[in-house]
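In the two assemblies presented below, subunit A is common to both, partnered first by subunit B and then by subunit C.
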Partner chain A sequence: MRTKFLPSSLLISIVAVLLSPASLAQVTEYQQEQWLNSPAATSHIGNLTGRAKVAGNPVSGDYRRYCLVCHGELGDGNGESAPWLDPKPRDFTLAIFKCRSTPTGTLPTDEDLFDTIARGLDRSNMPPWNTFTRQERADLVAWIKHFSPRWQTEKPGTPIQIPPEPEVTPERVKAGEDVFNRVQCWKCHGVEGKANGPSASTLQDDLGRPILAYNFAEGGRFKCGTTDADLYRIFMTGLDGTPMPSFADNLKPDEAWDLVFYLRTLQPFPSKAKEIAKQLGLKPVNPNATGP
Partner chain B sequence: MTSQYRQKLAALVSALMLIAVGALLLGRNVIAAGEGSITGSVKLSGTPPHMKGIDMSKDPYCVKQNANTPVKMENVIVSSDGGLDNVVLYLSEGLAGAAASAVPSQEPAVDQHNCMYVPHVLAVDVEQKFKVTTSDQTTHNIHPLPAPGSGNIGWNKSQPPGAPPIETSWKAPEAISVKCNIHPWMHGWHVVVKGPYAISDGNGSYTIKNVPPGSYTVTAWQEEYGTQTQKVTVAAGQAAKADFTFKAK
Partner chain C sequence: MYTRRRCFGALNSGGFLPTLLLLVIVSVGATRPAHALPAFARKYGLRCSACHESWPMLNYFGQKFKDNGYQLMNDRDAPIWQNPSYWPVTFRITPYWHRVSTGKVSVDTYSGGSVTGTAVQRITSTGFDLSGLDFHTGGTLEKNISFYVLPSSDSTATFHFETVMARFDNLFGTPWLNVKAGKFELDNLLSEKRILTLTANGGVYQLYHFIPVGDNNIFGQIGDNQLGLEVMGHSANDRTRYTAALLSSSDGNVGLVTGANSYTGFFTASQAFDTGKWGVQRVGGYAMVGEAATYYLTTAGVPIPGSGIGNKNFHREGFVGQFYFGPHFDVQVVTQHGWDNAWFGQGYGNAVNPSNGTPGATTPQSSLPNNTPGMVLPAGSKAPTWNGVLVEPHYVYSPQLIFIGRFETIRMSQQATPGTPSNLGNITTYTLGCRYNPFMTSRAGMALHSEYNWLHQDGTGPTSGPVLVNINTSELLFGLDFDF
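Our next item is the complex of A and B:
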């Protein structure tokens, strides 16, 4: 009995030693269990507190029932359905999120995740989960945060400041077109916003998977909210994990609002900016004619 | 009795502190005076791989800027006598606390010039400030992609023509791949190391300066061929030698 027991335990430890270097960079179930008990596995949305654990019991019911099939047991985006989905489900262990109010390279706020769950992500398989109660969503945010080591050591970034929206004027729409051409949004989004810019066909996300630029002319909803302020936030924070960079270092608040108004003229919806553009007879500028 | 003791104790403590401060200052001077260096060359044996030409036709500006000089990939740059360019050399073992944690004050820069990264490989110390600049009249985005769990966090910022430099630093040692999504051929490296480092020049020569006397493991990193190590002992004020040879695949 003894002699039989010893070799098998030895074998197990050898296997464990052999496997350990391979799993170093990966998040393990054991680590996540530790993080579940950490203060980071909570969320604060207004005066609402979300918890990943209540009275010692994990609050995993909603996640297991609705999220796990795509996002996976470990939150690594490798759920059962993941192989058939494009874009791929978010890998929560990386804690890299598109929709943030915080600067590029920082963690989103709890509110950002809370809003994303309810909003869903257009042109992906993530539907709007607005059927959850606010408490359920807050608990889900806490649950999502226990998957990544980043919440153990990092704080969310400071949300960018969005000044009040100014009045749309012909000057602003015109100035917005100049900003569009100066920072060269058309490189990917195309001069008419049809996602057919010269670099559009080669775009890849951070994991090397092909990704599309947003097509303004098609009129789909933005992934991170549909209001003017959402649009402002999208290009100032960038969509982390994708080729869309942050323009915060290169746009003053006024220029950013001008750009918002011009981008609205590229969409098929009626808007004051679009009316103005029509009156002005604003035409897309051929970038190679204006280029130096 | 007790007051006498106190006085003695106070005298002893202040004497010890004086000695400690003196030793610290003296120690610093000794290190500064006795610092050696590690020098050598990095070569590539065998036939260097063919570096593909780059088609920049997606951006007419980039084509125009490189009209007179055909541009090639820069993964492996070899001189006529086999010297390997852009190899990062650093001390992976043997550095004592102070020398390992000292951060150089000089601020290296990587420029986006004619739609290429100059230099192709940027070496920096952990927490050392560096700049990303652009001299191009086309928009770039700078998108470093550190590995998950490396301790570094990626970001993605645009630099339109005339944009101010981005000043930043990295937190942990890692060879970070950097790309521009707008110009998919643009690919470079930020190699973050701890302690003194050097990067080989066009002839494959390098010198790691300011190395305190001691025994070290020198690691040479090349983006295609990985790493090689060598044990080196540096004597006070002397230049130790370490040559590396990578084999072409």
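Our next item is the complex of A and C:
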């Protein structure tokens, strides 16, 4: 299961805030003003540099126009529409992000945030903002990074390595089913991938809010991409802030690819893996047989 | 001090706002139907500014939302995800004050209580007024099936259907194929239904409705909503777009009165380019190619509605450009080359006179030209032809405050009748406006609107000799444009 840890810098920040005579909002606002001038309030995507402040002026226009209503002026996820949204908008002050290429518990890369903005987050109120120019998106990434103290003291994690995708074979699909059983994906996602496992109804995010497991049988897009490599990355990095852990410590790369192939058989789309599963007569596992 | 908050809150501080408010609050108005739905904002919890450069004009994201069938494409677009009590309806209306001044109006002169002749003079009137009322309802019936219904009234509450359409979105799982049918706005990138100005002449794009003097082809008005079927496609990020529409040549009038036997095609294509800090630039083109009846069967000399034959053709084509110079300034450009068959130029075409949907037409149908068998065109008749350009710059101080300018000119390049002055019907118009939204939420919208329009047209004043009498019309308007 995913091991979670709270960075010491974050702990120190929290303690400082709690001990401060000023209110949390005031301190955060003041700190964010300082962080706006820090080197961390920039982003680097390829040869593109995004800035939260240009010529002394905050580059806040796009955030204010498009993002503020949900994420709030202070980036704390308390925009005016937040009370009516489910799932709730991301709290940028915590700098905990689902979609990363980096190990669980670490900060995402600038590219991760850059891609998330354009891709959107399916089954949430976050649409694909792929209408921005690349520069606008890079500036937004820089802007987002000035909200949290974590960017001041931590560096993004090192992206995980994803080995080349092997050929899908009957043996791999079958092995993937074994992995599915062994690491107990079915507990949340259900034996048929219908998000109806025994734990599904009890799931909560890190802030104690109910959260749904992904329903493979519905066939919606994954939150963090659509390709096999994206799927591999999702369960190897975990979705931070949610009950979806990282399996990086539990799965070898080959096993991870096996699991990818098996998960594809649970989706309603035609795929080679699904065709193989049909030929094999692969049946959903019985959770009672594998045990909780 | 917290400079960012100052930046965010610039409109709410200092002496600028009171001055501006004073300026704007006395101004504003709205006379044309326009599309803007807080119902969408309420559904998705987004502010007006997410989809509108300034309400009601769409920005790029809003255009993509519309092109996706009023869907964010986040798998939460279907009604099943909404609270059962949610109903996507919005009304819009505008009370306003305006001053209208029309030059060279022919008026009777009196002596001793009797009409003794006519004179030409300027008429100026001022007062409070009211726009029509629009009820917008639109959204999704199911994932990838969308709709829009817009009953619209004039200021006396006489309703008609401005828009009624259903659309199948993302057919075969691709955004390149969407099909809608009904009555809808043509795919004008610079949408007249989302125009930012509201005066009688400035609240429309002259280029979208131009008809040469004496011409009776009402069917080539690309600014009017039309009845038909449209196939539309776009790339996932909406950079590339196309539409192809098959329309009844009825100018949107229902009942198969004029368009029973004729059709028009409308085609657009555009491509957007990422230009970094400048923004996303878009260039494209459009073409309308159609035909419409010029001969209607008659009963006792009166044309029979729906009996139109003797189709003659017409076309319009032009360039569209949307150029952005950073986050605050943009210029929208539309050009048009128009051509009508000579029969239209001689007054044939709309013989059944539905008056383009405008009630109260007084011309007797039997007196309208009808291309009955044996009819010949006057010698030397030519196809009326014209060229026009529309340039509309915007300065967007913030999503809440926008300044609008517009220059339009249309020049006849060929008149239908030999000997007609070459400039007859030429139009030049300027519009300046400002819209300030005192608040911006995901619930409702309001704009304090001020606008001035000046329009000049050659030769359409009362004639009193060989010299053309030109008309200058101006309008100043201040209003409260709101919707909920």
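Note that the second predicted complex is superposed on the first by the 263 of 292 C-alpha atoms of A that agree within 3 Å, B and C clash if a C-alpha of one lies under 4 Å from a C-alpha of the other, contacts with A are read in each partner's own complex, and residues count from 1 in each chain.
The definition used in the following text is that a contact is a pair of C-beta atoms (placed from the backbone, for glycine too) under 8 Å apart; a residue touches a chain by one contact, two chains touch by 3 or more.
Because the structure is predicted, anything quoted here is derived from the model rather than measured.
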Clash or fit (per the criteria above) of subunit B with subunit C on subunit A: fit
First, second, both or neither for A:Glu29, with subunit B first and subunit C second: second
Partner chain in contact with A:Ser60 - subunit B first, subunit C second, else both or neither: second
First, second, both or neither for A:Gly75, with subunit B first and subunit C second: neither
Partner chain(s) touched by A:Pro87 [first = subunit B, second = subunit C, both, neither]: neither
Touched partner set for A:Gly157, first subunit B, second subunit C, both or neither: neither
First, second, both or neither for A:Gly176, with subunit B first and subunit C second: neither
Touching partner for A:Thr104 - first (subunit B), second (subunit C), both, neither: first
Smallest separation of CA atoms, subunit C relative to subunit B, angstrom: 21
Where subunit A meets both subunit C and subunit B, residue numbers: none
Residue ranges of subunit C touching subunit A (in the complex, touch as defined): 2-5, 7-8, 44-47, 49-50, 60-61, 64, 72-76, 236-238, 274-280, 327, 398-399, 441-442
Residues of subunit A defined as touching subunit C within the complex: 29-30, 32-33, 36, 57-58, 60-62, 64-66, 68-70, 73, 80-81, 84-85, 118, 120-136, 220-221
Subunit B residues within the subunit A interface of the complex: 58-61, 137-139, 141-143, 145, 147-149, 153-161, 163-164, 166, 181-184
Footprint of subunit B on subunit A - complex, ascending: 24-27, 93-94, 96, 103-106, 149-150, 154, 182-184, 187-188, 198-199, 202-204, 206, 238, 240, 242-250, 288, 291-292
